[in-house]
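Chain nomenclature is as follows: A, B, C, D, E and F, assigned in order of appearance, with residue numbering initiated at 1 for each chain independently.
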Amino acid sequence: MNKVTVCRKAHFNAAHKLYNSDWTDARNTLVFGKCSNPNFHGHNYELIVSVKGPIHPETGFVMDMKELKKIMNEEIIDVFDHKNLNEEVAEFENLNPTAENISVVIWNKLRPLIDKKLELTVTLYETPRNFVIFSGE
Amino acid sequence: MNKVTVCRKAHFNAAHKLYNSDWTDARNTLVFGKCSNPNFHGHNYELIVSVKGPIHPETGFVMDMKELKKIMNEEIIDVFDHKNLNEEVAEFENLNPTAENISVVIWNKLRPLIDKKLELTVTLYETPRNFVIFSGE
Amino acid sequence: MNKVTVCRKAHFNAAHKLYNSDWTDARNTLVFGKCSNPNFHGHNYELIVSVKGPIHPETGFVMDMKELKKIMNEEIIDVFDHKNLNEEVAEFENLNPTAENISVVIWNKLRPLIDKKLELTVTLYETPRNFVIFSGE
Amino acid sequence: MNKVTVCRKAHFNAAHKLYNSDWTDARNTLVFGKCSNPNFHGHNYELIVSVKGPIHPETGFVMDMKELKKIMNEEIIDVFDHKNLNEEVAEFENLNPTAENISVVIWNKLRPLIDKKLELTVTLYETPRNFVIFSGE
Amino acid sequence: MNKVTVCRKAHFNAAHKLYNSDWTDARNTLVFGKCSNPNFHGHNYELIVSVKGPIHPETGFVMDMKELKKIMNEEIIDVFDHKNLNEEVAEFENLNPTAENISVVIWNKLRPLIDKKLELTVTLYETPRNFVIFSGE
Amino acid sequence: MNKVTVCRKAHFNAAHKLYNSDWTDARNTLVFGKCSNPNFHGHNYELIVSVKGPIHPETGFVMDMKELKKIMNEEIIDVFDHKNLNEEVAEFENLNPTAENISVVIWNKLRPLIDKKLELTVTLYETPRNFVIFSGE
């Protein structure tokens, strides 16, 4: 039973700032530099969701990409796109929206909706030069 | 005298919203949709600055790219990167920061600093799927 | 009145073969090589539509990209995507679907739907290594 | 003995349709949607073949890329490029040419030709937004 | 008679240094900085050759891309690839191999081999962040 | 404790040749072909450094990317950029600068400077079509 990883790209544009509300503003500036600008900055996030599992012999699919695309749109893109992550996405009310934390949030939102037998990995490009990968480890 | 166009890429990350302050909020939402989110969203802007002119016979350069890179950093990247364009960049105090308007603002900031004999073009990617080009016409 | 070019990317996947029905099969093979395979081959076409014109002072737009996206989807993507260009797209019934001819067909389909005051250019990538540009000249 | 993964890109253009010959046409359309168009559609497939193993101390190579390129051209590109996968590639006579199945076919064709001590992985982009990875698991 | 621009990409890897033999070494270092390193550095050059002209009604081609590819390989890639431009390419014996000058040399080598009725443009990426365009003006 | 992989891109341009000094020139040419050109050729190397570990609960970072960027610049970019790897980088005095060996050298230079609890991977693109990955195995 061949196990293949299938990957699907999507994208969303959002504003954020890096900020730890337990710290003073001075400490936020010291640690996060210009990323802590209180007026926010933003990114074109490119998201790759990967699922790994056996090929279904009847369809030749690991998972129907049309279904994965639908889940990604409903759970992630519709919620994050053209939003201010700090101000408008519930998960970041008390969580600093670093790329690392965003990837974990996305993974946790998708995991219950994807067959448990499939391994799930989230890759998130914050810029073309910075990206993160989370597999639920 | 061969005329060559020389192009240099740079990038900045910024927050913005599309907003016409002469309009009601309802009209802003009607025209600009989710781009008018009052909490802002953001982009990784990729900027290409092009200068066209004769090759200098001694250097083989149209313009020293080290000099162009320095001008781009000082005039554009240091001013726009990790900023909220609506709130923190003077040019957009009364100007809607659409990609079109941003490209004109960048062109106007660079034009006085580049030899008048060189033609100047600004290309600005707001996302990998949307971009604009302005040559001062 | 600043004139800016605004560009929007989209994509479609299609099958085609290069074939001149006025020629013998032998001549088709001689001229078009493996591109004339009677069983078809295919491409991921990447399409960039560019419109050039003055920035509207109220919106900061040359043209609302949401509107351009809608026109591109309805006129081109919905008609060409996952199709066999030779067999299923009326314009190619008697026209060889080379990248050159496809770009002209796309331009002709879009031209009547875009404000006459705006200049229109179609860029079409047949592969990442082959692409064409048509501006209605 | 340092183990490095060495990766080489190539590409081919092909037509295909998704189709299970054990099903009715109605069921094929229901499951595969526009991908089951009987007239075929197509893609620019981008292929990355990766081999992992120790660096040979005399050459500094894991495997001579010129040799890998030759194998990829003879076994895959010459056989798949500008072809109709369903109609002209023997492996898909009774196998649905999904990206998943294509990646397994490619892996099985390459495996006997590459040193058994090297791990082999095939990555296949069907479009810039959909890709699959197979490592023989 | 529709005029289309047809573009073809190729690539070569080469070493070079920027150096004006009429200058002292000190002046070369002052003007060209680390690019004048006497031991050379190098680039993956990406070349795009564009030809513009009417579509031939029988073929649907502006120019047969197989022919253009052959000319590019014979005249440019075979001559420049894996070479030291300063030491091994005759045109740069007394000409500084800046991207600007390389683009003019390529244009001059290709011009006599391409139908005079077709306009010729050479785009040369020295890096993904620096590129030049020459159209024979 | 979620473990995330964080990746940062950088780039350098360098000259090199493939050469084993224990071999005759004839054998070097036989094995390395045009890559053994004694006058050197060169590449735009694109480097991705990845570190994997738990997210720090206070910062939301696996590792501060500003710190990783600084280490990459000081240890790799400043040492390799615009250099002749064979002639000017001490590690390659007796080591053939294949992509494989360069990736191991980079890994060994970075490893002592990055927290031992973080896993380190180096990905190095020699060209957009050839790349290698080393994780210290």
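Everything below uses one rule, namely that a residue touches a chain if its C-beta (ideal position, glycine included) is under 8 Å from a C-beta of that chain, and two chains touch if they have at least 3 such contacts.
Keep in mind that what you see is a predicted model, and the values were worked out from it rather than measured.
Over half of the residue-numbered contact pairs of D-F are shared by just one pair in A-B, E-F or A-D, which is A-D.
Comparing the contact residues of chain B and chain E by number shows a mostly separate set, under half of all numbers used being common to the two copies. The angle of the rotation superposing chain A on chain D, based on CA atoms and rounded to the nearest 5, is 120 degrees. Centre to centre, using the average C-alpha position, chain B and chain D are separated by 41 Å. Annotation: 33 Å between the Cα-based centres of chain A and chain C. Once the centre of each chain is set as its mean CA position, chain B and chain C turn out to be 28 Å apart. Annotation for chain B: residues 128 touch two or more other chains.
Contact between chains, per the stated criterion, is found for A-B, A-D, A-F, B-C, B-E, C-D, C-E, D-F, E-F. Interface residues of chain A facing chain F in the complex, by the touch rule stated above, are 18, 20, 22-23, 31-33, 95-101, 103-104, 128-134, 136-137. On the side of chain E, the complex with chain C involves touching residues 2-10, 50, 55, 58-62, 64-66.
Within the complex formed with chain E, the residues of chain F that make contact are 11, 13-16, 34-35, 37, 39-44, 81-84, 87-88, 127-128.
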